[in-house]
């Protein structure tokens, strides 16, 4: 029995705990704190934080693989996060289902009323590719150990779109998935802090005060046909983006068609919530000390911030350019919403606009580039998957 | 310039090119679609409404404001008794 | 880099698209159109249509199998529809869960008030078996390439019950699953067009005007015990029908027992909706050009129509016969509801009855044979699985 | 007549036979069950209500009609002010 | 065709039914009866009962394993309960998800207001370990065929917590899972009958009439930090309890944090309900005649009852002891709530208290030991998994 | 006494020991946490509310009692017309 007592002591977390695990549990606690106290994207960062704590408990086996004997019978079961990660994240199912639900919550109306704003959603993706260059330079000069696939996965943080980032990272750089997801959601939460200085630096007060003409009404039929058009264009030009764009448009079509409200409701609620819980726990399972506590994570966090900033800047600059050639005035602030981070970035554009002119309501105008940015980063993701994977 | 950097630059050029290409094609496709739809089915136009936030709950306030007004009035009567 | 550009071009859908895929994408668009614009069973046909579009995008890999290395690590992940089809349709899980949810939405009250209407649900299944003969004749004379299993799966379209058709087809003729599911749901949507002419041709105006006596009240206890009786009879006489009937009755018992309203609510809402989305995408994955674009599909569509028509006719004829021997009058129109297609066929019976007599409300009387038809086709499915599979 | 056809006919005969057999047994079982239940527990009979459609939403109108009447009255009062 | 008819007859349940299967179907019917008519934990016992009926239908194949050919293609699909059992119970996923949902429905407020009541939750777990001794004695003297693992799994019935019992049994004694789950939920339903005589035998009327001082208010911050503290203590001292406690606390944190109400709602409703349906069907699949119809089941049922009774008694005795040393009076009845069986045991304490003193409302005071009992039995489960498994 | 029994006793001793150890540590940790929290953030104390039963439906009665009173009054007026 003394032996058993010793075994039990050897089983305790205190006895087994490695320093790295302790640090990662603190990182998990920090994410939980940021989620609850600071309101940093709590829907994802709370489950990710808890997932990080659980996976780093020594001996709890949350990431243990199941063991089968030769006849195929289970000898010892796997851990919860093992099943979640391999069942839903490695396969890509969870990000796609989240994207379907987000599609069912998206209104393309403002974008359809002013399709030119798609250009802003395109320009803001420059943050993604500039960051790729930054990452390959760090890799090429041996400062950090990044491959082209890693660089692409890091760049996608600049897409400011969680499911896209997780989908790309799970395919191109699964080891970096934890750091990339944490960076993506953290910076999305920080959009109200990151974007305004850049937006103000690149615009004059007069530009920020520009009022835009009211959006034309958009018919239900246009809204129904649009997601089908996007799906067909993805099929024609970029099949590697079709999983993301196809599921996004499927969700949107369920909503806009108005004939399957039952399904749309479930996609927007029970289904997306369930998947969000699992996605968070699964992403958290990649926050292990080996994968996270190294110089590369610092690189990812810095490059992610650069990506957001450049994307904001190029969005604003493209809007300034458009304003010069457009017949109706375009407020350059709405270009910043092109990074996506729906709907946070659009709200930031609205707020900064109101500061310059108290009668200037940009929210609806900024929703156009905002959802365009989602399409834009899904396209960028498709190019990366095709270029790096093919 | 080593291969990794040149591949990165290739990815950037192709990537931004494709993003712009795709979204420009989408602008034309969308505009054409909208024109066509509004010519063929000129009926049911509706003003662009605020997009629901992806993270917002789907529960909408569906109570008729007049019912709220009526109930408020009833509460008011009730209190003043 | 020119090479990469060429790769990217070779990856586009335009470069890779085969003619068959283009046609199948049009079929998918047609299904979406029918679902949204014509209201053809949109809960299933919208996801099936989108599923057909997605699976036919060349290079998007929606149906790609995952690749593992020798050590069991994933080299490349599978596609969304691969996981859905193999996880939920090939295994039979999704149709069974849908059946459970439908059971939780079904009221056997009208049938319990008048159990004789079960005979109408039996007679209407003749459409199933007449169609089997049609299909084997086409197969025997070499006109089409149908085996007995194919013939059985095609016949079940006449059961006018989607989950049953998908369950049987997934077991007996997976290659025909797409065409069979599309035929089943399309004809269920067309019930208001297909049935009335047949109903009118086989009945006189006086027969259609027959008023039926009001149904007796049915006690809660009867409703609770009934699903258990059905399950036990299935266990005793036809175990191969027990998966379908058992889950159907389980759902119904959850509803009628009144003690597990939480579970019943979820079975009727979040769970059935989630499974419906997946079932649709999974069925759509079988709408490939090889499986669909051939003469057999034409046969399936024609035979399905025949099955519906014969089922309607034999239901009406059986009701005429019952009317002669019954002490209370029976309106022959309610026989047509025996094909199932709940609740559409019952509504059609009601409508045609109202045309003959403005005071004639048949809806409740037609609900009896309507739900009996569900049991009837599940029994027919069980016989087929036992006869063909065993 | 080749084997496929004869097997098809076999399936038809057995199938329709079994369907009728099963449902006739079910008629007797159900009738017997109902008789027994109503003899043993004659209490809580309720009229047959319209079956909810499988594709219909489960959200039922559970508001008491009298409350609706009262609210309508309140609205009416409110409008006539 | 005569042959086919014979085949069909050989396929019937009547022809194949073994005596044991018939008995087990009656056991299933009994559980359904108890669930519906007697209100015995219907959320679990109704699905378990139906699961027991379905799995014992000869030839229906609810527990059939799928068959694959050498190339990995499915030759014949598995049964519904096969997939549920091996996918969700053998892996431990379902009990953990239920525990997460229960955590999201638990309020630790009363326990935080009076942390000493945690001692009551500890004392009541003596029922678990006394039962282990009983079971090993039965095993050691050859009366029943129990190993140490079996004894541990049987003891956990005394934890009065369904998911914990199922989780432990699935790991230590899968063959006994059916009987253990049935015993656990049945006795939880019988708490209002089992506990009061024991509570009255061990207390005087004056003791039962003791009024307790009102609980202090508990701040939101305390409620948020508490689940994190429990998780960290589990990590430090007993990682083998971390899956259960971690998911329980994760659910509770989702609720108390107030920032992820969407996720908390789904965890408490759609998700837990879906998993409950599956868990019930999966547990029912272990109610086979080989596993259930033997002398060991009698042992399990008897020992389970003993476990509950001893747990109740030691809870009450510990409360009497605490009452002697505490500055504020403690009513010994609330000790009985330490077995868990939330919230039934707390209600029983309240009811017995009201009988002794009509002004004595113990419900809130009993909720403290009640939820402490959940933590206590999860800790006990962790020790067992570590001691027996390691 | 054979090995099975001695192992059972070992499990009992270790098990109860650990359960008490864990929960006693938890008592101290919780008390310390509560003291600390109430010292650092003395703001939002709320009375302990009845725990929702795990098996109970989550649907709470969220209607303001005054609205119910008002509607009752309206119904009453309506009936007395």
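Order of writing sets the chain letters: A, B, C, D, E and F. Residues in each chain are counted from 1.
Keep in mind that, in the parts below, contacts are C-beta pairs under 8 Å (C-beta built on N, C-alpha and C of every residue); 3 or more make two chains touch, one makes a residue touch a chain.
Please read these numbers as outputs of a predicted model, since none were measured by experiment.
K.L.:
Of the pairs E-F, A-B or A-F, which one shares over half of its contact pairs with D-E?
P.N.:
Copy of the D-E interface among the listed pairs: A-F.
K.L.:
Among the chains here, which has the CA centroid at the largest distance from subunit B's centroid?
P.N.:
For subunit B, the chain whose C-alpha mean is farthest off is E.
K.L.:
Quick one: which chain's Cα centre is the longest way from subunit C's?
P.N.:
Of all chains, F has its centre farthest from that of subunit C.
K.L.:
Suppose each chain is reduced to the average of its Cα coordinates; what separation in Å results between subunit B and subunit E?
P.N.:
One centre to the other, that is 47 Å.
K.L.:
So how far apart, in whole Å, are subunit E and subunit F when each is placed at the average of its C-alpha atoms?
P.N.:
Here subunit E and subunit F have centroids separated by 18 Å.
K.L.:
Distance from the CA centroid of subunit C to that of subunit D, rounded to the nearest Å?
P.N.:
Spacing between the chain centres: roughly 18 Å.
K.L.:
Report, in whole Å, the distance between the mean C-alpha point of subunit A and the mean C-alpha point of subunit E.
P.N.:
The separation of the two C-alpha centroids amounts to 39 Å.
K.L.:
Touching two or more other chains, which residues of subunit D qualify?
P.N.:
9-10, 14, 18, 55, 71, 74
K.L.:
Could you tell me which residues belong to subunit E and also touch two or more other chains?
P.N.:
Correct list: 4, 8, 43, 237-238, 262, 265, 269-270, 383, 387.
K.L.:
Which subunit D residues qualify as touching subunit E in the complex?
P.N.:
Against subunit E, subunit D makes touches at 6, 9-10, 13-14, 18.
K.L.:
Of all residues in subunit A, which touch subunit C in the complex?
P.N.:
Touch list, subunit A to subunit C: 86, 90-93, 96, 100, 170-171, 224, 228, 231-232, 234-240, 242-243, 246-247, 250, 253-254, 257, 259-260, 262-263, 265-267, 269-271, 383, 386-387, 390.
K.L.:
In their shared complex, at which residues does subunit C touch subunit B?
P.N.:
1, 4-5, 8
K.L.:
Under the definition above, what is the set of subunit F residues touching subunit E in their complex?
P.N.:
Touch list, subunit F to subunit E: 2, 4-5, 7-12, 14-16, 18-27, 29-31, 33-34, 37-38, 41, 43-56, 58.
K.L.:
If you look only at subunit E, which of its residues touch subunit C in the complex?
P.N.:
Residue list for subunit E touching subunit C: 4, 7-8, 11-14, 16-17, 25, 29, 32, 35-36, 39, 42-43, 46-47, 50, 53-54, 57-62, 66, 74, 77-80, 83, 269-270, 273-274, 276-277.
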